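Listed below are the structures to be examined.
The same subunit A turns up in both complexes below, where it pairs with subunit B and then with subunit C.
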Partner chain A sequence: MFAAAAAALLVAMAMALVRAVAGPTVYDRILAVNAIGTKTLLMIAVVGFLTRRPEFLDIALVYALINFIGTVAVTKFVKHRHLGHPANLNGEGEL
Partner chain B sequence: MIELIDVALLCMMAVSALAVLWLRNLFAVAMLAGSYSLMAATLYVVLDAVDVAFTEAAVGAGISTVLMLGALTLVPHEEKPSGRHALSGLVVTVGLGALLIYATLDMPSFGDAGAPVHRHVANRYIEDSAAEVGLPNVVTSVLASYRGYDTLGETTVIFTAAIGVLAVLGWGGRPGRRRPPADGETRP
Partner chain C sequence: MIAGLLDMASWGLVLAGSLVILVGTLGLLRLPDLFTRLHGTGMTDTMGAGLLVLGMLLQTTDWLIAVKLVLILVFLAITSPTTSHALASAALYGGLTPWRLSDRKDEP
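Here is the complex of A and B:
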């Protein structure tokens, strides 16, 4: 059962990768990379159970946090075109 | 099943690496590099190198993506077409790769009990480190005591790299584009 779940996750990861490569807009790519990150942490959890080492779950939790921080940084960059204070408060970032 | 996961992850990593080469939109390249790191981290977990996977996810997917985005604020969005193909670079890279693959032929097979890594100093670390260093975790003893100078050098390298990154990116705003903060705006 876990093997089937792992295969399904791989397929989902491949489809998200296609979207990340093809684009066409910035938001497609952000969402695709975020989805790949989510699939990664699910994959770690599933592999943990597949190899009978469920203690990998803690690592999956840390991955979730890293993924969240990365997505926040990316969306902040797209909105403000700067990672520190916004360079232009009125206009949205253009890419 | 594990082998199938390995092969599938490696294929997807190859696809994203090739896309990084082909795409001209630098934002897309930064995003794809992040996804490459995430898949590499998954591969490390599948290969049972959990600590390496941790580092890859934190540094490769987390910090590197943020640093690349910080660098993107300083450059245009599109890569300039260079026009010429660096054939010599391709030859050097392929040659180096072939040499490295040739070097792996001499390595002991995976899990070989007679490999030098299992017969050299590892036994002493496992048996005597608790008495010699006094720490329950063998890895900590090796990193902080037996290879203390090595760790000091690594820390120096990372510290220097951090200073270099801060010098290039100018954290806290670029000089000349600084404005007084508006209402509701917080400085990091």
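Here is the complex of A and C:
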């Protein structure tokens, strides 16, 4: 059962990778990398269940947070060309 | 009897979750525009992961694992829409206009 889920996740990751490479705009690439991150998170959890090792869920939890922070940071960088303080952006600082 | 039922339920949930993930990623691949793809991956993150995690939840008897799984689900349900929103606003700010039906070039 979990092996089937792991296989499906692998195929989904491959498809997201194709979109990451082929994505015309930079936003498609950010989106694809975010999708791959989520699938890696689920893959870690599934493998944790496959090998009867519940510690993997901690790794999946941390991965979920870091994936979010990374995607938001890249999005902000692409939007504002720098990650600096928004003071000089005439109120455009928020995402 | 109950164990068999639980196993069957978790089987169904996990396979349904995998199916939703595959369809969502197919949407990411096939849809014409960034904003439509955002819908595809958004669905994958929340629905697909939700079903998968629920399937795993039924498999565990240890409450600590269940708490971690529910936490993963909560974090994903919160962060996934946030990233989609941030990405969409960045794309609009960057001048990307949503896809119109009139933009259809090759398909019939």
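The definition used in the following text is that the second predicted complex is superposed on the first by the 84 of 95 C-alpha atoms of A that agree within 3 Å, B and C clash if a C-alpha of one lies under 4 Å from a C-alpha of the other, contacts with A are read in each partner's own complex, and residues count from 1 in each chain.
Just so we're on the same page, contacts are C-beta pairs under 8 Å (C-beta built on N, C-alpha and C of every residue); 3 or more make two chains touch, one makes a residue touch a chain.
Quick caveat, the model's predicted, so the values are computed rather than measured.
*Asks:* A:A3 in the overlay: touching subunit B, subunit C, both, or neither? Say first, second, both or neither.
*Replies:* first
*Asks:* Of the partners subunit B and subunit C, which touch A:L31 in the superposed model: first, second, both, neither?
*Replies:* Only subunit C; A:L31 stays clear of subunit B.
*Asks:* Pick one for A:L50: touches subunit B only (first), subunit C only (second), both, or neither.
*Replies:* first
*Asks:* Per the contact definition in the header, classify A:V21: touching subunit B only (first), subunit C only (second), both, or neither.
*Replies:* Touch partner of A:V21: subunit B, not subunit C.
*Asks:* In the superposed arrangement, which partner chain does A:K79 touch: subunit B (first), subunit C (second), both, or neither?
*Replies:* After superposition on chain A, A:K79 lies in contact with subunit C alone.
*Asks:* Shared contact residues on subunit A, subunit B side and subunit C side combined as an intersection?
*Replies:* Common to the two interfaces on subunit A: residues 16, 30, 32, 67, 95.
*Asks:* Within their complex, state which residues of subunit A touch subunit B.
*Replies:* Interface residues on the subunit A side: 3, 6-7, 10, 13-14, 16-17, 20-21, 23, 26, 29-30, 32-33, 36-37, 40, 43-44, 47, 50-51, 56, 59, 62-63, 66-67, 69-70, 73-74, 77, 81-87, 89, 95.
*Asks:* Where on subunit A does subunit C make contact in their complex?
*Replies:* The touching residues are 1-2, 4-5, 8-9, 11-12, 15-16, 18-19, 25, 27-28, 30-32, 34-35, 38-39, 41-42, 45-46, 49, 54, 57-58, 60-61, 64-65, 67-68, 71-72, 75-76, 78-79, 95.
*Asks:* Can you tell me which positions in subunit B touch subunit A when the two form their complex?
*Replies:* Checking each residue of subunit B against subunit A gives 1-2, 4-5, 8-9, 12, 15-16, 19, 23, 25, 27-28, 31-32, 34-35, 38-39, 41-42, 45-46, 48, 50, 53-54, 57-58, 61-62, 65-66, 69-70, 72-73, 77, 171-173, 177, 181-182, 185-188.
*Asks:* If we count contacts the way the header does, which residues on subunit C are in touch with subunit A in the complex?
*Replies:* 10-11, 14-15, 17-19, 21-22, 24-26, 28-29, 34, 37-38, 41, 44-45, 48-49, 52-53, 55-56, 59-60, 62, 64-65, 68-69, 71-72, 75-76, 79-80, 82-83, 85-87, 89-91, 93-94, 96
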